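After the structure tokens below, expect a handful of questions from me.
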Amino acid sequence: MAGPFSRVHKEGKRQMHPAKGEKHWIIPDGYIPPTSSGSLTSHESICVLNVSSEEALLNLTIFFEDREPMEDILVVVPPRRTKHIRTSTLNKGGTPIPVGVPYAIEVRSDIPVIVQYSRLDATQAENALMSVVAYPIK
Amino acid sequence: MAGPFSRVHKEGKRQMHPAKGEKHWIIPDGYIPPTSSGSLTSHESICVLNVSSEEALLNLTIFFEDREPMEDILVVVPPRRTKHIRTSTLNKGGTPIPVGVPYAIEVRSDIPVIVQYSRLDATQAENALMSVVAYPIK
Amino acid sequence: MAGPFSRVHKEGKRQMHPAKGEKHWIIPDGYIPPTSSGSLTSHESICVLNVSSEEALLNLTIFFEDREPMEDILVVVPPRRTKHIRTSTLNKGGTPIPVGVPYAIEVRSDIPVIVQYSRLDATQAENALMSVVAYPIK
Amino acid sequence: MAGPFSRVHKEGKRQMHPAKGEKHWIIPDGYIPPTSSGSLTSHESICVLNVSSEEALLNLTIFFEDREPMEDILVVVPPRRTKHIRTSTLNKGGTPIPVGVPYAIEVRSDIPVIVQYSRLDATQAENALMSVVAYPIK
């Protein structure tokens, strides 16, 4: 039977997991497909894994070909969790990333994490997929 | 004619292959597509190569967005063999990885190996492919 | 109201961003699909991110299977910008990269940048995508 | 007007290009799709770039899930050339890599090169693409 004492005991033996990966990642090829057809919706995801026992605070910068970067987009990844961030949900002061425009992504994190980028393009009836592990700046 | 002596001789000259790669790999973007159509089945594979003359014992952790990780899923890769592990075959005490849910994969191995991750999405009639070499933690 | 003084003030506090990444990148698998069908056009992009406050000057070499390399193709990436370079727009003295021919790409930059390569193949009615972060020579 | 003297002069100033990359590369996920439909043929390519002024001699090992590796498959990449090697053309003593079977590829080279792996799957009417830069063993 679990009482207060056994709970203390359980917490006492809880393993602390250190952060792994890097604090700075780059994805040069970002693009939100403007249209979808078929049963799936075109989208991109920035997939982050935080293996540590502490929360990770991400700070994203979005770079363009012809205008100033969007800076300081903040995202939290809880301890021992992954977060697959749809880029269409990101915004700066209510302004989202424009669709159909080439851009690039810089991810900074206060603790080491690992970042992968994937795109599903459903512009045509059948979907196409691409994925890369982001480039770590060491 | 091969007798005991020639066998000893053969073993004596057998080349020992050292392990190559890393012991710790991360795949942030895991996803088992829930449906298939057409002639192929949607699936993911964790592709591991063990170039060494010794068996590799893998220990996998599966991370989620909204629940505790599944830990200590064990897989053996024989010496001088590759193993392309279907993620749908992995389970912890009989519980498989849920389909249609974003997750992430951590692979630990007792000896260095090399890990790649590939996904075939056959949600629609035509298949889509993506692949990444996993991120090595050094 | 912004006058000369406030402009000086603004420039005084402007953050200088250092260059990040590497100066030398390789993409072994280049290929411009010769035909397109459907609503999208087959193309490849060399996606470059320059996070620094200075312009990056790229020098590209194109390698072939059966002829001498095309050298000294120059491309500029402005400060704090990304550039997604369509390989079909590259040329040396008016001669473009031939379509339907396997080739490879070497990118040199005068300051560190980050390079990714993506291909959209629309040879058939539905598109296929692939992408890799280029290999950095350190 | 170019005579013998000017030729000597030209050769005298010819730039020697050093080898770049690594001598040892791994691709864990190899697979030759057994069937094709539509206008393209399913295939895989091992894409190698040799930027140096000297020939590169590759030695490939093919690993399987359930049998001994195929060793010592040799391929030459000329100086300052790329070679996109169709895996279906590789063989050991006339025996090709079996189709429809998971395998893995180890590439050793006598001088540094850069290796990328790409697969076109045309099992169904529309093609799917995947590509990774191989994992370098340093």
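Order as written gives the chain letters A, B, C and D; numbering starts at 1 within each chain.
One rule holds in what follows: a contact is a pair of C-beta atoms (placed from the backbone, for glycine too) under 8 Å apart; a residue touches a chain by one contact, two chains touch by 3 or more.
Not measured: the values here are computed from a predicted model.
Trainee: At the place where copies chain C and chain D touch, is the share of residue numbers found on both sides over half (same) or under half (different)?
Mentor: different
Trainee: Please identify which chain has its centre, taken as the mean of its CA atoms, farthest from the centre of chain C.
Mentor: B
Trainee: From the C-alpha centre of chain A to that of chain D, how far is it in Å?
Mentor: 33
Trainee: So, what's the distance in Å between the C-alpha centres of chain D and chain B?
Mentor: Distance between chain centres, rounded to whole Å: 24 Å.
Trainee: Touching two or more other chains, which residues of chain D qualify?
Mentor: Each of 125-126, 128-133 in chain D touches at least two other chains.
Trainee: Would you tell me which residues of chain D are touching chain C in their complex?
Mentor: 20-21, 38-40, 45, 47-49, 51, 80-84, 114-116, 118, 120, 125-133, 136
Trainee: What residues on chain A touch chain C, complex-wise?
Mentor: Listed in rising order, the residues of chain A that touch chain C are 24, 26-29, 31, 63-66, 68-69, 102-104, 106, 119, 121, 123-126, 128-135, 137.
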